[in-house]
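Each of the two complexes below includes chain A, the first together with chain B, the second together with chain C.
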Partner chain A sequence: MTNKEKLKLIEETLELEADSLNEETNLEDIPKYDSMARLTLIVLCDDEFGKLLSGEQIKKFVKVKDILDFMG
Partner chain B sequence: MKAGNLKVKQFVNHEFTSNTFLLTEERESWGWLIDIGASDCIRYLTGKKTEIKGVFLTHSHFDHILELNSLLDLFPDFAVYVSESGKEGLYSEKINLSFYHETPFIFKGSNVIISGGKDQIEITDDLFLNVIETPGHNPGCLTYSAGKFLFTGDSYIPGKEVVTKLKGGNIQESKTSLSIIRNMIKPETLICPGHGRIATGKELSE
Partner chain C sequence: MINPVEFKDKQILLTGSAVGIGRAVALLLNQMGANIVMIDIDEPGLEKLSSELKGERHKSYCYDLKNLEGIEGLVSGIVSEKGPFDGFVHCVGIRSRRPLSMLKPSAVADIMGVNFGSFIELVRCTSKSNHFRPGYSIVGVSSVSAHAGSASVTAYAASKGAMESAVRCIAKEMANRKIRINTVIPSQINTPEYVKLRKNSPSEVEQLSERQYLGLGEPIDVANAIIFLLSDMSRFITGSSIAVDGGFLAS
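== the complex of A and B ==
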């Protein structure tokens, strides 16, 4: 999966507008990036990429790129 | 809180803020529960003579079911009422999301009754609890009405947007469900949501 496809997946998962994210977007700047949003991303990483992301790990992520890198 | 012959006590899970409601009568000889995520409710029931007859689940996300097994220790025969889709969450730590919170939870009991729209369950003499299907937050979400009380789970939390981002969530279904719920609310209705305080229909219309 390309980074563009992963970005699209994240946007859909977080119910954001298409093309609203890029690798350098700060997670803090994403509207409603709360515990529920983090939980949806944790589930996404498991479902789509088979990777288990812990709550502690995701809290340390700063940019969208950190999620993309984790997805691999 | 009391309305007619029905008394409702609220308990809160302090970590996840999810509500558990005990439906009972003045002397608390019997009781039904709406969700069971709050350990304070288990503590309250321990040593009391209240006979819990069953639990009505609004949906099976972990924060609403976490204490089901503790309840089983106290009342081995109680029945769990849940939607067909919600039943899957009782037996899957990934579907109920507890897996992702490092506290995996799976229900040990088997007395599960599938509940769906328009079902009516008599909770005491001539007082029925009505089941309304309100998918959106989750495909298996149910809302319950009993007397003046309306238990909306996470399908409607006054002042909050419905969360539809989680797996199985559907924003369009949520809008339809919200419309159904709002149509049921009268000024005297007591809305008991899945999180937050009990609100009256009157205050919501102001």
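== the complex of A and C ==
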């Protein structure tokens, strides 16, 4: 999956506006980026990419790029 | 001196025995002389547990209980090889945290299938004539989640609620065969699953902990209640759900 596709997937999953994210977006600037959003992304990484992301790990992510890199 | 809880040479079927509550049940039953038949998907966990059990008559079966259709053949095979059961404890359960937005039909089916579907199928198969001995007692491990809502555990909570409802019906249906069936309702118990949850969501765990007057439970606390329900000491108890929750549901 390309980074563009991953960004689209994240936007859809978190119900954000299309094209509202880029790699350099700070996670804290995403609307309603709360514990539920983080859990949603954890489940997404597992379901779509087979990667187990822990709560501890995701809390250390700063930018959207960190998530994209983790997805592989 | 009498021992009101007697398990010498009793054969108990146990699912989810590799870790946590199931493991505590296995070790306790072993100390009491029972033969244990274990079903779990975790092969290394089963091997490790088997190496700790004393006695030669235990047997473990590595099986994914998601495969509901194969359970009938598995149980028949076990009974042919090992004989009928005196008890059955269902400790297996998928407890993945999944927000509603990510709770797609396949995830619901998986969780309901393993947690509830396999329980019903194992009860159905082990309650056939000549698959159980007089005094057969079944215990399902439920959860306070079935009674107190928490975010992101919808399917898990539903599967445990389904188990408790089913147990009330099965108790009535199986009474004429003298089969008893009950559930235990644990709250937060010190298992690997709990340790992971505490690491990932410390504030949520803290909030839930405030409801448990007696602090964090240990697997042996739930195992003790399960052994009671398996034994003749509880011969007048069926269709019940017993809280082992440090006061959680009373708070």
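Note that in this section the second predicted complex is superposed on the first by the 72 of 72 C-alpha atoms of A that agree within 3 Å, B and C clash if a C-alpha of one lies under 4 Å from a C-alpha of the other, contacts with A are read in each partner's own complex, and residues count from 1 in each chain.
One rule holds for everything that comes next: contacts are C-beta pairs under 8 Å (C-beta built on N, C-alpha and C of every residue); 3 or more make two chains touch, one makes a residue touch a chain.
For clarity, every value in this text was computed on a predicted model and none was experimentally measured.
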| item | value |
| --- | --- |
| Fit or clash - chain C, chain B, common chain A | clash |
| First, second, both or neither for A:25, with chain B first and chain C second | neither |
| First, second, both or neither for A:40, with chain B first and chain C second | both |
| Steric overlap of chain C with chain B in the superposed model, located at which of 41-49, 95-103 or 131-139 | 95-103 |
| Those residues of chain A which chain B touches in one complex and chain C touches in the other | 13, 15, 36, 39-40, 43, 47, 54-55 |
| Chain A - residues contacting chain B, complex | 13-15, 36-37, 39-40, 42-43, 46-47, 54-55 |
| Chain C residues within the chain A interface of the complex | 96-99, 101-102, 107, 151-152, 199-201, 203-204 |
| Sites on chain A touched by chain C in the complex | 13, 15, 35-36, 39-40, 43-44, 47, 54-56 |
| Sites on chain B touched by chain A in the complex | 94, 97, 100-102, 163-167, 171 |
